[in-house]
């Protein structure tokens, strides 16, 4: 059901207040334009578009805005309301997990992550004002190498068990909860060194075509506000094969392949 | 426009791709993204056009007035350009940020239109009175700076196509000017000579057109050309700081003419189909 | 802030305000005219401890000559300053734009005496340089400014343009000619703006003439400017804050109207042509 | 006969860069609204307890004198309805670009701002609707075009909120009588309901397209 700000969500006092609602003289009222979401006793209103609302455990992709050596932290853009923080103490430095961080490391911060670098990370905690703090203390996380970044609305990426996918077509995909999506070639196991060294060898043209095709498919799905997960992206990828990669940015074809994907997925669900 | 800062990996991937003539979105170096053109949308202007491409949106509106001509150019009309980056397409533009682009854009338009044959058909009474067309360019949103020039030139040309000037009658005895009220007694402008702009951006070792924001962030610099409908270059300008070698530019020129002619045809076709 | 609020609400519950006033009561008003020798007209207005000053000087205006037609608003040059030590940029802009709208947007006086012709038949224009300065801001500056403006316009006398020209050429600030000279001109005031500002409090009370504390606690301000001669509303301004329903808004307007009329009658300086006050 | 507003057209999300955008047409008056935020803000503008709101009105010709008046009016209205306390230390910027003025520009700007905020998903207490009426000697006209408003003696802009239909802001020009205001409020009340309905309808359409 559609709600606009000021509309009553429910007068039943049993329900709990979720995102997008507030109490107006004890009546639960909507504060955004969106659909009512009910999870048990929790009522929230989900708008079509918002900035990223982080939760602990979310996987995000972000870009380093600046290095604040004096505060021993990096500021990261994750399309959240406030800039996200990555503390020096929340990263694994080359040389092992338990290494103590020294003054030299503080001075070297820029050589680990510098402005413009992309990283994948996990939300560790949320500050009182809503700012996120992330960590990269897992071999999965860290600096991202060659590839393509896409930005979509965070509401299109559902929270799932895994956000790292190796698609059958041969690309590696990180679906950040914050709507930042990273497409690259699969990284062979064991090479990840906390992600500080990146490979800058040219990527073969054939692989490029696959990456760009996946990119354009995701954009087509996002334009139609379809949820993004490995199934929908794979389905769309297959459907898109009847077109050339460069045709997939034409709005007519984008709509077409997204709709075909939608239909095909509905049929598969029924089976 | 927020300056996009790319990571080393992204930049490297992007530049290698362009060297292979395969860009991130699958285009080749000389492919343009879709352009959506609309004309005749502002009733308060005698001509208007809106153009939209990915992340970019520009509106051009034409207004007219009768003025005395410049003493040095008695038989030529006048065209004035005004540009505004509306709403600073991004908060970073707030205040003076966008001013630089606007000034550059307007001066390039002025230089390119200076000797346009269009000015000749704006004369009402030679030496006494000519039409002055004021063209307002309102930039609602910017994708990349380089493609902005191209799109603005298309918007302006389409708005001029859409422009209807009232027919003016001059009383031969008193030399008084009469403008009839009849809304159908109008004249259209001949826009064929009006130039379009083509910007080529150098990335790695190649030149591309219509760069995305990311591509522009990894470019060395851009070259801006205004080209008329014969494919002749009228005017050019270099944008950005990087230095470019002459030889490859010479090789570019025939290619630029071809791209420009395609744009000219595109505008003509679109405008015709929109009016019919 | 919280404590201040509790303190005030304690009084409100008894039907009075912290300074002992009723909700619909103005503070004491003090007016002092011609306190600045170098101005052609000046007035100091005190509402409680809010003190504002208005000075008017008439000068020759060369700039407007270039204009095709000269309007009322071209002959007014308005400058407004809240106390420099007490400058809140937002507040200043707001008051500034309201006063400009009121004074320039309405024809408050007949501006014909400001247009003269010299011997050669050429038109000469005079400009009113109006300076409104707030010396002490204890709330409700707008009402005080408007009273000061009206008072100053009312008591304004200026020589004809020739002596102004002379003065421009040979400035003689010390030898101010006596005011009884018959050659002095006056302006015919057409509209008599009186403003009533009230603060809306969170508990629903409406406080007329709020002081600074009350303004800060208020959840909204409403100002209504009446032309007391015709009893029409020249300007009604409520910017944001707690919404008012239509009934209470209308009630407040009619109340303010009677208030403004009453207010006007108690102040001869605003109605008369100023002569009565000079003695 | 119920007084009518001119035709309303709202296009949500017509631009890609901002967090929210809306193109609002009220007859031939067109305003483009952008919303950016809530985003991190520089220390000098930061407020620790709530979000800072910036409103910029961009008139078509840069020497427009009403710019500041409009910005003040719109900012105070929006400050009343946005839940600023939910996003401390951030900034929300609302930018309103006049595209075409055919009367009631201020009202259209307020309404377009409301639409863009809805689009951006910024939490608000309720919605707002602004209505302009102009008054001439014998008649009152709702939502006048430019010609009618120039001929009139005075005008009044009322902004209503949707929860109790209270009046958030009033501003007027020219001379009005008490009865004029009373009438304007009555008309405005009815018209504001029409506008809320329209917000609902247009939002519904937007949700249908996307689901």
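Letters A, B, C and D mark the chains in the order given here, with residues in each chain numbered from 1 onward.
Just so it is clear, contacts are C-beta pairs under 8 Å (C-beta built on N, C-alpha and C of every residue); 3 or more make two chains touch, one makes a residue touch a chain.
The model shown is predicted, which means the values in this text are computed figures rather than measured ones.
The chains in contact with chain C as well as with chain D do not exist; no chain meets both.
Should one ask which of A-D and B-D has more C-beta pairs in contact, the pair is A-D. Centroid analysis (C-alpha atoms only) places C farthest from chain B. For the pair chain A and chain C, the distance between C-alpha centroids works out to 58 Å. Rounded to whole angstrom, the centroid-to-centroid distance between chain B and chain D, based on C-alpha atoms, equals 33 Å. Note: centroid distance chain B to chain C, computed from Cα atoms, is 51 Å. The set of chain B residues touching two or more other chains comprises 54.
Those residues of chain D in touch with two or more other chains are numbered 39, 161. Screening every pair of chains for touch gives A-B, A-D, B-D, C-D. Interface residues of chain D facing chain A in the complex, by the touch rule stated above, are 13, 19-20, 37-40, 81, 83, 87-90, 118-127, 161-163, 196, 199-200, 203-204, 206-207, 210-211.
Residues 42-44, 54-55, 57, 59, 84, 86-91, 94, 136, 138, 140-142 of chain B touch chain D in their complex. On chain D, the positions that touch chain C within their shared complex are 68-69, 72-73, 75-80, 156, 160-161, 164-178, 180-182, 185-186, 189. Per the touch definition, chain D reaches chain B in the complex via residues 14-17, 28, 32, 34, 36, 39, 56, 58, 60, 62, 91, 93, 95-97, 99-100, 102. Interface residues of chain B facing chain A in the complex, by the touch rule stated above, are 5-10, 12-13, 16-17, 19-20, 22-28, 31, 33-34, 54.
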